[in-house]
Amino acid sequence: MIKTDNTAILLIHCPDKQGILAVVTEFINVNKGNILYLDQWVDKEDEQFFMRVEWSLDEFEIPREKIEEYFATLIAHRLEMKFNLYFKNVKPRMAIFVSKMSHCLYDMLARHAAGEWQVDIPVIISNHLELEHVAQRFGIPFKHIPISKENKAAQEAVQLELLNKYRVSFVVLARYMQVVSDDFIQYYPNKIINIHHSFLPAFVGAKPYHAAHARGVKLIGATSHYVTADLDAGPIIKQDVTHITHKDTVEALVRKGQDLEKIVLSRAVAKHIERKVLVYGNRTVVFE
Amino acid sequence: MIKTDNTAILLIHCPDKQGILAVVTEFINVNKGNILYLDQWVDKEDEQFFMRVEWSLDEFEIPREKIEEYFATLIAHRLEMKFNLYFKNVKPRMAIFVSKMSHCLYDMLARHAAGEWQVDIPVIISNHLELEHVAQRFGIPFKHIPISKENKAAQEAVQLELLNKYRVSFVVLARYMQVVSDDFIQYYPNKIINIHHSFLPAFVGAKPYHAAHARGVKLIGATSHYVTADLDAGPIIKQDVTHITHKDTVEALVRKGQDLEKIVLSRAVAKHIERKVLVYGNRTVVFE
Amino acid sequence: MIKTDNTAILLIHCPDKQGILAVVTEFINVNKGNILYLDQWVDKEDEQFFMRVEWSLDEFEIPREKIEEYFATLIAHRLEMKFNLYFKNVKPRMAIFVSKMSHCLYDMLARHAAGEWQVDIPVIISNHLELEHVAQRFGIPFKHIPISKENKAAQEAVQLELLNKYRVSFVVLARYMQVVSDDFIQYYPNKIINIHHSFLPAFVGAKPYHAAHARGVKLIGATSHYVTADLDAGPIIKQDVTHITHKDTVEALVRKGQDLEKIVLSRAVAKHIERKVLVYGNRTVVFE
Amino acid sequence: MIKTDNTAILLIHCPDKQGILAVVTEFINVNKGNILYLDQWVDKEDEQFFMRVEWSLDEFEIPREKIEEYFATLIAHRLEMKFNLYFKNVKPRMAIFVSKMSHCLYDMLARHAAGEWQVDIPVIISNHLELEHVAQRFGIPFKHIPISKENKAAQEAVQLELLNKYRVSFVVLARYMQVVSDDFIQYYPNKIINIHHSFLPAFVGAKPYHAAHARGVKLIGATSHYVTADLDAGPIIKQDVTHITHKDTVEALVRKGQDLEKIVLSRAVAKHIERKVLVYGNRTVVFE
């Protein structure tokens, strides 16, 4: 079994036709790419084709910097494909936005520190100072950018500048507790991952645990999703729930929910890092 | 370990005070009742006390028919208690309302036939004829009462008359697909159990699987609840979910959901039969 | 979206090489087969290729009865493939073996009666008479074949004769409570599905709920698997668990376990009926 | 709703008799203790009574340091009770033993740092140096005590001395990868919590993920338990599982398993810290 980081990853989306799979795998095989991963799915209803393929570049005959051009010209163009090409050894760069709660932040930093994730974390941004010491513990720059109604636009501009400076490729809102403006989102379309502390679409908005308690539900959940202009309505990546009983106070829900939140967020982030998520309408295709 | 059906069950709800538990258990012990089950819970926030206690009547010194009066006079009155007294060997009588889908109906009839539930099922009522043969297979009277916008009030009167005639103590809507009127509900307050095919409060109303698919959720659910005047908003008894992926069509959701629906409904019905559910505001206390 | 029962299904297993997928899809495409389902998986460690493909025969140019021969000659032979060809409109024929417990039997018969499964159930076989009335309710022949230590070999011969007479393609042991002999198994290799009431390999053999209670586990499970000569050690198809607490008696485990058993068994049977299970060593590939 | 840390907690275990509950609650009420939590359970089969009760000491008339003596004399002695008395504001002191893997350690330190747990962590002990930097990040003393076959007894003596010096009340083996000797265990009976990376009793011993993969199971699990002289056979506190498929390599199982391990371990530790676990034979009563 070959283990290599010298691989290319293609995420593909196009109208379904006969033979797409054969054409793509042929392109790789003929140029001496060894396919290490292939998963495809056809939405029969909408007649859409989705694929993720990863292959070794060790003996691949098209130079790395030419693959995108060749694939576009020879294949993607005539099949009306949208595609994204990634290289495994080019790590994505992730910024984490936090507020005061540390559980999601710790969970991600611990994974990063343990080498579980192929990602760089160049900066942590917060509207509060409470978690500065956590960033310091892990040796990651922490930027304090307080947000108020009045300064929001200006401060978001500061944030965007920072993201630019640190060449950030995607953003994780780890219980950030601020609504990000549409302007901001436009710079990172389907590249801002949020964790919402309910099984969406139930309990959109603020204080979902209070709402869950009031409604008397028998399970609570967490949802990780890409942020869009509609609050808590973006494409869902991962969801999970846990059972509760009448004995659980709001406080208990908060505590139980935190374990869900961190796991559900980290799973979504892992899939994003591995380039296994493809957004399609308001839904996601999440490859295994 | 004593096995007996000659037991009394008390469900109690009152403002919390010191010593309630001691007073109630003392009442049973002193009169030679052997306590077989005791579970209690205090809602510290609202200062409410809830309790379920079951004891053997084999040597109990207060005659069966006098227990309610004695308990009311000696205890419940001064502690502002609401209580319900049941005898295990007096089986509740359950009517099942169905439409065209058989999975929940079969699940309940199979449990009944196998002796899993201490319940009588005197009648099955439907607005369609599709499931008549199922009722016949299990030897249970089937009443066909078609419902249209025009005849709804009249037909509900017929239904109520039937329920009365069969001395029905509670009703199960097993994918009945009809909204029951407020008038009807008033005759069976917290005694009509419905199964809704979503994790409420998400996807209230018709076609929840279509809505779930459109929203791109990563899990689907089912919710059993008591029916109130607000559609799909009554006190929840049981909920469960199952994970899905982008590959699941609406058809697949329907199929996977059916397994959830029947199990979640049957669990709620079992708890109701065992007199382990206590409604409190719009929530339920479900004893184990 | 095309809905047709006139499809062919290929299950393929062979050593992994470049281009297998392309070769197989090409064979179908070139002969005007419209692929409706394709899933493949490569075991990179053992370098084994697995695939399930289903295509419409409506315009397929190779006649139905020739497909197997053509595929064997043109493709399977040179790629050292093992393959199975099925036609969706040729239903498998399933015999159910039961003993005294009805929950799994009812669950399967209800699915069959509701048209959920594309399967025929020509016969139910039991070593006891308790469930004869269930078979009668569903109008399925019931054969009583009592088993003792002394008559086992002879009675299994009678069973095999019956299976032969009813042209049974696979057997489901629905809490049959008898160990089937190696001789019997040889006639139905990877075609006898059993449900074991534990999360195997924990609690092999008799009385797993008693063993689970004694060990003080916090979850109980059920496992559906193909029967092999080694007791409870055959390839696992589906497993699931449910949480329990110290409060659960053995009796409670039995009751909670029954819900698991029926669902886990029915899911395995569904996958088998849909020809989505491929046995590989002592493991299964279960396509979605 | 009263929030106070000035509470006493009683864990009680005795033969079941009528009226125990009344006697214990009376003892508290009469002396002006306000009961904040009460849960009890009777094992009807073995006729054993278990109880956890917590009450406010704010107006309790028996002095803190006399409660144990009074309760023993007035109640426990005549009812043949075993009991443990704790004060909420006296935090237990927990030592963490680790080896090379950081996920469980980070999870616990993050909870501790966030104030989620009422516990002190005076020392981290390891047979390797890999995680020293983690301990340093959180400012907790790290002691490197390498273990070999030859020096095991001597090094365990060093460990015990350290535990003594740091007044450790219980030990957590957070993927410690060493079998602790019977001698060591005797000093901390039912006070050493281990996490085993399988759903015990399946896959006892080394390399459970390899064993799970070889057996072809469809779910993997984790089990937290008290350590006893029998390897992986002590009283289980918490268990959980996650579903896997044929696609999961051993490497994938390890990765998925780590999320289970840390959550299952932390849940057990939380229950232990809250004094909600009572060992009974080889089983646990875990109060909610």
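We just call them A, B, C and D in the order they show up, numbering each chain from 1.
Everything below uses one rule, namely that contacts are C-beta pairs under 8 Å (C-beta built on N, C-alpha and C of every residue); 3 or more make two chains touch, one makes a residue touch a chain.
Please read all numbers here as calculations on a predicted model, not as lab measurements.
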Same or different contact residues where chain C meets its copy chain B, judged by the half mark: same
Remotest chain, chain A as reference, centres from CA atoms: B
Whole-Å separation of chain centres (CA-atom averages), chain A against chain B: 42
Mean-CA-position distance for chain D and chain B (Å): 38
Multi-partner residues of chain A (at least 2 other chains): 44-45, 245, 247
In the complex, chain B residues that touch chain D: 1-2, 18-19, 21-22, 25-26, 29, 34-36, 38, 40, 42, 44-45, 47, 243
Touching residues on chain D, where the partner in the complex is chain C: 41, 44-45, 199-203, 215-219, 221, 235-241, 245-247, 249, 280-286
Contact footprint of chain A on chain D as seen in their complex: 101-103, 106-107, 110-111, 113-114, 116, 134, 137-138, 245, 247, 255, 258-259, 263, 266, 288
